[in-house]
Amino acid sequence: MTDTILETRKLRKEFNGFVAVSDVDLSVQRGTIHAVIGPNGAGKTTLFNLLTHFLKPTTGVTIFNGREITGLPPHRIADLGIVRSFQISSVFPHLTALENVRIAVQRRNGVGRNFWTSERWLTKFNSEACGYLADVGLEKFADTQAVELSYGRKRSLEIATTLALDPELMLLDEPTQGMGHEDVARITELIRKVSANRTILMVEHNLGVVANLSDTITVMQRGAILAEGDYDHVSRHPEVIEAYMGGGGHA
Amino acid sequence: MSVPVQARAGRFNAVHVLVFAGALIALGALPFAVYPVFLMKAMCFAIFACAFNLLLGFSGLLSFGHAAFFGSASYLSAYALSAWGLSAELSILFATVSSAALGAVFGAIAIRRQGIYFAMITLALSQMIYFAALQADFTGGEDGIQGVTRNPVFGLIDITDNLSSYYFVAVIFVFAMFAVYRVVHSPFGQVLRAIRESESRAKSLGYHTDQYKLVVFVISAALSGLAGGTKALVVQVASLTDVTWQMSGEVVLMTLLGGMGTVFGPAVGAVLIVTLQNFLNSFGSLVTILIGAIFVVCVMLFRRGILGELQARFGRK
Amino acid sequence: MPEPAILIDVNDLSAFYGESHVLHGVSLTIRAGEVVTLLGRNGAGKTTTLKSIMGIVRQRQGSIKINGLETVGLPSNRIARLGVAFCPEERGIFSSLSVEENLLLPPIIQPGGLGLDDLFTLFPNIRERLSTRQGTRLSGGEQQMLAIARVLRTGARILMLDEPTEGLAPVIVEQIGEAILALKARGFTIVLVEQNFHFASGLADRNYVMEDGVIVEMVAREEVREKAGLLQEYLGV
Amino acid sequence: MTTIFDMPIAILGLQILIGLQNGAFYALLSLGLAVIFGMMNVINFAHGAQYMLGAFLAYILLSWLGLGYWWALLLVPLLVGIFGLAVERLFLRHLYHLDHLYGLLLTFGLVLIVEGVMVDMFGASGLPYSKPDLLQGAERIPLSWVTGNERDIMMMPVYRLWVIAASIVVCLIVWFAIEKTRLGSYLRAATENPTLVRAFGINVPIMVMLTYGFGVALAGFAGVLAAGLQAVTPHMGSSLIIVVFAVVVIGGMGSIMGSILTGFVLGLIEAVVKIAYPEATNIVIFVIMICVLLVRPAGLFGREA
Amino acid sequence: EKLSDNAVRIGVMTDMAAVYADLSGQGSVVAAEMAIEDFGGTVLGAPIELVSADHQNKADIAAAKAREWIDTDGVDMLTDLVTSSVALAVQEVGKEKNRVIMVVGAATSRLTGENCTSTGFHWAYDTYALANGTGTAVVKNGGDSWFFLTADYAFGHSLESDVSKIVEKNGGTVVGAVRHPFPTTDFASFLLQAQASGAKIIGLANAGSDTINAIKQASEFGIVEGGQNLAGLLMFITDVHALGLDAAKGLFMTTGWYWDLNDDTRAWAARFEEKVGRKPTMVQVGVYSAVLSYLKAVEAAGTDEATAVSEALKSMEINDVFTTGGKVYANGRMAHDMYLVQVKKPEDSSGAWDYLDVVRTIPAAEAFQNPAETGCPITN
């Protein structure tokens, strides 16, 4: 069964006259892994920001599960089941890795606003949080403060945190950036694993990962969609090769 | 609260229990050693500073207008006590609730701004309160509300003598400290920490961060109001002093001096500053110099604040 | 042909972050005109090594000689004036500066750096976005380009690039590879930290492999093939 | 005489000029603060005290050493600046890596010390300082070109004209030095990430120290100007400092021109309020600040975070 | 037992470091010490002890400290109390705890009016006396139209309204007033409004640095040259000192005391100056007089119980360096002669502190309000 989980119509974003996303019609099928690739500055992250409502579109609408969600504030979007990771890693630096993940687990269980009970009550979420850490290979660092993690591990932590929300649609902005080869492999596997009953939309520059994972690929350039299709299709597209992949395109 | 009591109690170790019991006993015995009015005043400021620290220390919000809550509450409870003859606890409750309401208004305006802008908006709003206090009729202008009476608690228990009012204030104090502790060490407190660390990440995880900040702002304002309302009862005066920006500054200093990352540090800082002001009182301009010097030394050498420094030394989390 | 002079000579370097001891006796040498890479898993200590050479990590022991001068006691601004430039992995674009201000920020240390025109040919995005008021408004990849462009301008003869291709589109990665070779040809010395082994090994004269804060292997260009097994073990490639 | 709002136009015009002159003080002080606050992220609470110190030094130079106003104008900023350098070197330097609250606390402590010492040495009620002969008296400014009436003449005190002129010149010089040279971007960058800027080869500690000293010197300069207008008292700075902070915030932190323009404009607005509703003079700036920040979160000329 | 805990303790509570520190402050403490010394150091055979504190012009600090002194240190009398809010708060504590409060530094007439207490006294001056002294004299001198620069708080308002009444009673008119915020450093705008009003007299219903700055800046705009005159409604000799004679010359003001009145005052002032380094103000010498009178009253009453001492005070005649023939009214007001003074021209002054010429002595009965009209319920 494939139906459309997310759809945009004529989505557009201008920054002081500069068009970063230009009338994009994107449609993401439920249960697939959908990759967005494109040259730097093509508007991929901006598109993510529009989808999660971190930015307000200049014009255009977004439809999620058949429902228009255009005006909602970002936290409502997350409530609906759309969660993102950030391109430039964004963790809670002085919380331990475990606490980082637990914040998300807590959110999913809707116990954030509870200010009358002890936080010890939260320990019941620890084992679940540890599970997510183990998924990304950070179990050894559960009690390390996030600042002290190396760059690559921070990114793994961020993915674990995102996963912990168990989102219906997960947006990953360059999940493997800054990771070593083994980690890239592990994250690729992880993404495949977690994609089982959810939809994943991701931006990625690592073509190996893209080729390996994605069901559909949308190529953006200068804010607009240049090509769309599976990997074989887009990797042969001459304009894509010229604008994005270059000579060594096939990883 | 679904967690079994045993499971929680089990996490209290003997040291905690001892420290806690010791503190309670000390609190009960203290008025026999130290002048109770002074102690009550110190407790009021301690509540104020701890309430303030909910914002500064645990949510990363520097409010530079907290005197508005403290001061307006002190006026309102003074007025309720002397003009309406309301009982002590109701007057204080009235002041607390009003401060919470004021906090909701201030919070709604200020909360969307960050850092220094947040500080300046709160300052500006509190200057409005100052202006109102100076101009309004019921506040008595710069003469303040004088001769506030200590009405009986529940209309029954007489608290006109210092010792009985001390125990009344001590109960409020313990309640407020517990409230602060509870808020900080709660699931909500955990989210606040996360918001302070990275607001955008918290948002993307689905937290409505503005709402969280507003809630903590209101809690902090309410507790500041509790402190101010109680203070009017204690010193039996409500005056402009409590609504000036200098008072907002003083509470920042108390908090930093005591340790802003700690729950009870601000109380220690408050007590210390009140004590300094009290005992060095007759030295004139030398006091100013001395207090200034103490701040400089603290910032340079004990910057985690007194309690923060102690915790770091003795390795508690 | 005589060996080119040793430019950077690191001997038994230890580095610390507060209490934690991160580098445990790193030794490496870099000769004038070489491209040398530092490879290793996440957290191996590559960044820390660069930062120690640069003097950004101040808690360090051992010896770091740049052009024969001991620099362990020097502050980073003095080290930079010796002609060493550093491009950090987290990019370090300043949000309070416009793109142009970011680009022009590092002072020219010696003549011979790339001119603006060269930089714009290399990274056309930057020319286009020059007037953006906050550097951090750029896309991730554009920020990376800006961070690289910024140090290429300074004329420093030793470039230390920490994961410069991270987040860049394959075409740009290719171009950066070419640029590095061009710079090498102009006599620059380049130290490269990379996760992208294929990219790095294609450029490098020598590769150092790090693990847990020490150098565990040095692989010269000629040996890459024969030591493939070893690299597989250390890097998982 | 021509009148507007029941007020002779000559007097109205004068009110405006005086607003400008008060604005000149706001501009000068907020400029120094903006340099320190916007460029170094230090909340220099001692700015008012340093301004007061400037006024006192002018008094001391005159009464102890017989050095008059012009000497004071030259020497006082230097002396106050040196005081600033010492403060930076001894204290502030060790606080940059911390939350900027600590800078606030430290400078607050310094205020208490400096004010206490001054009260101890000179008393609290104030000292007289006389301006030089050259700047005594009032300038006749004809307004007949506006009103057509020969009798409309403003009598603007020369000293106040001088304050406006001196302040504009200094503000423009500073603006040029910071915005039109590389200095401003070095400073802003160093605030954000000093380690990296240092790794570019810039001696950040020295640069920051000089910047602080310079900002403080501006406060000292304003202090000398003020000594000619008002009683020199140990508390003259503390009532001003909060308003000046407000000016910097309205202008937008980090914007030099923003601080200057806002300073002058707010002086003018205040002048109007002083006529229309004088009781509100002390809060009008705060009302404006709230309005501005609600509409423009980073102030009028600030960069959005 | 006649004396509580066998000692008489006097507390001087004053502004030690802020704006009123010069006119009271440490000098008030020294004056109190001098009074104790002149009295002989003991009363009724018991020692006299002095404590002092800084109330920082904050009512809550003052009230709390007053309670502490009374409850734990056995202080019998408190004096000085410089600002109105402080004085009102402490007088309230004195009422509750039955202690003698002798306010010297504060100005508000409320202390012996609606807020009077049976053990509260007001010693040196009050807003009524100042308004009355300056207002009457100035109108009589031809200054019959007034414009006020009023500090926008209760003290300023009451000073303004007191003076207005007097001006109108004497046949003058009030043409306007501008309420300026407190504190204000630049008065130019307000002065111009005063100038535009055309009033002959600009009354300064403010205090301290506000008054100083207003006067200093008035000279810039040629206000005096333009035919208008300034009247400082609450000024101390320290204010004249801060202004310098150049700026202050010709100014009228009312004071309760001046050091250069007669040989006694000169001698006392010299003694004081030796210890403090400057001439005394009316507040400081007022503290001396209050303490001395209190001790005499304790001796006369034979106890330090407040009501008895108050009775004794009210039946005494006050004769000391501060005043001769002073009377204490039932409402606690000590009525004594006041002086209308004018600031000397620089060329007429022999140097520092030689600042004032006494123009007129205002007899006590005329200077202070008739207790029956004050609104104080205590009438005998």
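Labels A, B, C, D and E are assigned to the chains in the order they are written; within every chain, residues are numbered from 1.
Assume contacts are C-beta pairs under 8 Å (C-beta built on N, C-alpha and C of every residue); 3 or more make two chains touch, one makes a residue touch a chain.
This structure is a prediction, so every number in the text was calculated from the model and none was measured.
Looking at chain D and chain E, the chains in contact with each of them are B. Think of each touching pair as a link: the shortest run of links from chain B to chain C has 2 of them. Farthest chain from chain D, judged by C-alpha centroids: A.
On a Cα centroid basis, the chain most remote from chain C in this structure is E.
Chain pair with the larger contact count among C-D and B-E is B-E, by C-beta pairs in contact. Centre-to-centre, using mean CA coordinates, chain B is 37 Å away from chain E. Distance from the chain C centre to the chain E centre is 76 Å, each centre being the mean of its Cα atoms. Averaged Cα coordinates give chain A a centre that lies 42 Å from the centre of chain B.
Chain A and chain C have Cα centroids lying 29 Å from one another.
Residue positions of chain B touching 2 or more other chains, listed in rising order: 284-285, 287-288.
Of all residues in chain C, none touches 2 or more other chains.
Counting partners per residue, chain E has 17, 21, 25, 152 as the residues that reach two or more other chains.
Pairwise chain contacts in this structure: A-B, A-C, B-D, B-E, C-D, D-E. Of all the residues in chain C, the ones that touch chain D in their complex are 54-56, 75-77, 79-81, 85-86, 88, 92, 94-97, 101, 104-107, 109, 133-134, 154.
Across the complex, chain D is touched by residues 56, 62, 109, 112-117, 120-121, 123-125, 127-128, 131, 135, 245, 249, 252-253, 256, 260, 284-289, 291-296, 298-300, 303 of chain B. Of all the residues in chain C, the ones that touch chain A in their complex are 17, 20, 40-43, 47, 89-91, 125, 129, 132, 137-142, 144-145, 163, 166-175, 195, 197, 235-237.
Interface residues of chain E, counted against chain D in their complex, comprise 17-23, 25, 152, 178-181, 183-186, 188-190, 192-193, 195-196, 208-209, 212-213, 216-217, 220-222, 238-239, 241-244, 246-247. Those residues of chain A whose C-beta lies close enough to touch chain B in the complex are 52, 54, 73-79, 83-84, 86, 90-95, 99, 102-104, 106-107, 111-122, 161, 165.
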